[in-house]
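By written order: A, B and C. Residues from 1 in each chain.
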Amino acid sequence: MEKKLSVDHLLGIKYLTKGDIELILSTADYFKKVLQQPIRKVPSLQDTTIANVFFENSTRTRLSFELAEKRLSADVVNFSASSSSVSKGETLIDTVNNILAMKVDMVVMRHPNPGASMFLAKHVKSKIINAGDGAHEHPTQALLDAYSITRKFDVPHLKGKKVVIVGDILHSRVAISNIYCLHRLGAEVMVCGPTTLIPKHISALNVKVEHNLRKALEWCDVANMLRIQLERQDIKYFPSLREYTMMYGVNKQLLDSLGKEITIMHPGPINRGVEITSDVADSGQSIILQQVENGVAIRMAVLYLLSGKSTIGG
Amino acid sequence: MEKKLSVDHLLGIKYLTKGDIELILSTADYFKKVLQQPIRKVPSLQDTTIANVFFENSTRTRLSFELAEKRLSADVVNFSASSSSVSKGETLIDTVNNILAMKVDMVVMRHPNPGASMFLAKHVKSKIINAGDGAHEHPTQALLDAYSITRKFDVPHLKGKKVVIVGDILHSRVAISNIYCLHRLGAEVMVCGPTTLIPKHISALNVKVEHNLRKALEWCDVANMLRIQLERQDIKYFPSLREYTMMYGVNKQLLDSLGKEITIMHPGPINRGVEITSDVADSGQSIILQQVENGVAIRMAVLYLLSGKSTIGG
Amino acid sequence: MEKKLSVDHLLGIKYLTKGDIELILSTADYFKKVLQQPIRKVPSLQDTTIANVFFENSTRTRLSFELAEKRLSADVVNFSASSSSVSKGETLIDTVNNILAMKVDMVVMRHPNPGASMFLAKHVKSKIINAGDGAHEHPTQALLDAYSITRKFDVPHLKGKKVVIVGDILHSRVAISNIYCLHRLGAEVMVCGPTTLIPKHISALNVKVEHNLRKALEWCDVANMLRIQLERQDIKYFPSLREYTMMYGVNKQLLDSLGKEITIMHPGPINRGVEITSDVADSGQSIILQQVENGVAIRMAVLYLLSGKSTIGG
């Protein structure tokens, strides 16, 4: 395994090699141990300034990055679009170039437009980490999801594992990033949801398509239940939430009837009673909170590896 | 005096013993001295991460906690509801469990619903500090108020002191927490305000009720003037602000006519010219700014004691 | 050159001596070198707490101050008006006195009202740094602009340099602060713009007035292109943006036709295609990003000098 990433930025899983992903996952293993010690901090990035530039609201992703940065001892500045010059008509490149002129080493950016982070990486001199760009990619989510599966099954890769992603595949950057990441690590991937929420081109990504939830769950080892993001939908894709839940929501009764134990994931925030019921979300089969916990370790790994530092301990 | 608190969380003064309150006040004394030194920082909580989770806007309380945390060398992350997943329909427990899964040790929470912090403490594994939950309690405010009175009179407890709380008792978490705290420390408590702003059950809390401000001031050693929180009132409780001020506002002339010197407190923010006039707020009888100063020491004491660390200096 | 500033606060360039400005610029030189080292941090203000109190939105100024503060190792708390007690009717003095009672050493304030920071400095005990007060002054911007010109020409002062400020002089705190600062350092200053955007009293400040952009550019060594702040204009001062651009916008063709090379500055954020075209903003004649970079060094210098610390390294 190489010791350096093949990329200068983390723009999407699409641009990572299998070796890159394996390096990030094994580095996250190191940081996960750090996070379990009484002192959860390393001095690795103490001479590094990181700006979190969020053009969309976010709780967990922003907080997870901020905690990862602080535990690497980086200096952190936060910037959100609502209080910014963006509303004064400044271009994205100007905004970020201004931040970088203040000697910021890395930019973690969430932006509503697909490709925004890639556009930026081409035009500014800095390490860019994509924290979600529209319906394009959300690479750290896919990495923490893949990492959470390897930890759940205590395996180094995902060869032979079957993962179904359930829900709104059409609008989901999480789904696309997960498909790339799971494939790189050897897993088989299925998507499941109503026809209106499955992109037509999806078979080109070498995934199975299944519209029947029971059949999908019978096939899989892991089910990643996507959030219904009503706020992202400009037109109606299904008759009602209640109908969606009846067709594509997972409840305990359904799980118990499968005759095998599958692992339940969710990128959060959960709509309890919509995609999954509370007894499923809080059951022993759910690794939802482990995903959140692993997210900090994965983000520490990504920031550390992109920084180009040679010693983890500082 | 015991050296540990009898509680795991600070949810309300109601759940503290007299010993708990005395321990917090004596610990605050230590931190107040730290704050008066040139270097106002101790390494006590340098391996602790604290999240300030504010579901309601706040200036002084959020800032006071944040300064207390930074001066204890904790790592601090801020989270406000407006930029959060809460608006995406996530439950309170899920939001906080997600924050905790990122290995946050303590949560300081303000929430509009009474009992929100208690609900949380029952369901998540973390130290919870209530920074105000609806009209229920605001325990650190009551502690800093009691502490400010002991410092003003240079006494260890409040036996024999007479304190009147003036204004909107009905909607005030500050009033309720103060009544519990003052009683625990031996003070006599009176509430004063228009009938519509005094809860009917209040005599059950063993407080005197007085509707005449002059009589209340003649009785007391300390008057704690509550803010008229117009934003919290859905119906009108008095004819007009001007009328309220005429009946329940304190001005210099009234104070001077008492024939004795009483101490004036206010939890802020002040409506100058409503509850108190500027010459009263800025007079030598007012300890309003000392309350703010003591607030940081009290919050350092609470955070330090709940952390369970055994050495203050680190 | 004296080693201490003649002022306790930085309220405006108007109140600084030539010696003050030279001391700030030479101190900025030291910090600029610090910012170019691998470890961009000094312990100078590690026992200092600074509050950034912004009553107006701002990207670059708030971020630039925050980075300056963190690189001086100060403890930093941020406070923005929208999430504050200000909306609850608290006075400015009460808000800031409350912040100061929490033992905050310095306040960096942006406020929409001219004179707000001066008013504050008279009433509170703390070092106040004006980060922009309405149409009055923006002293750190003028200092970084002057510093950027001295670095561009590698000269210690600006004697003999000719600077034109182009655009909306009437509403611009940047223009006023720049005129004072450039004059103190010996430069000749011209303002250029439509009659409606040039204040009638401006000749009292000993500046030339020119309404023809080409003539202004032919005269000058440096052109500081102000942003058209449409959000600050309550009435129309020119027929249309397109017409403004035709008369007072700088493009590459115009620059190339001058027969000499002039330096282009802009305080940002740029309206590309309005005040200047993209090929001018991104050309070798533009020092716009150097201005941003120098801003952090200038702000470190101002904070350090006002703190009264005697050793830069800590």
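By definition in this document, a residue touches a chain if its C-beta (ideal position, glycine included) is under 8 Å from a C-beta of that chain, and two chains touch if they have at least 3 such contacts.
Quantities reported herein were computed from a predicted structural model and do not represent experimental measurements.
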Chain contact graph, described as a line, ring, star, complete graph or other shape: complete
Copy pair chain A, chain B: interface residue numbering same or different (half cut): different
Rounded Å distance, chain A centre to chain B centre (Cα mean): 40
Shared interface positions of chain B, touching two or more other chains: none
Touch list for chain C against partner chain A, complex: 35, 38-41, 57-60, 63-64, 66-67, 70-71, 80, 82, 231, 268-272, 289-290, 292-293, 295-296
For the chain C and chain B complex, residues of the former touching the latter: 46-47, 49, 51, 75, 77, 79, 83-91, 94-95, 97-99, 101-104
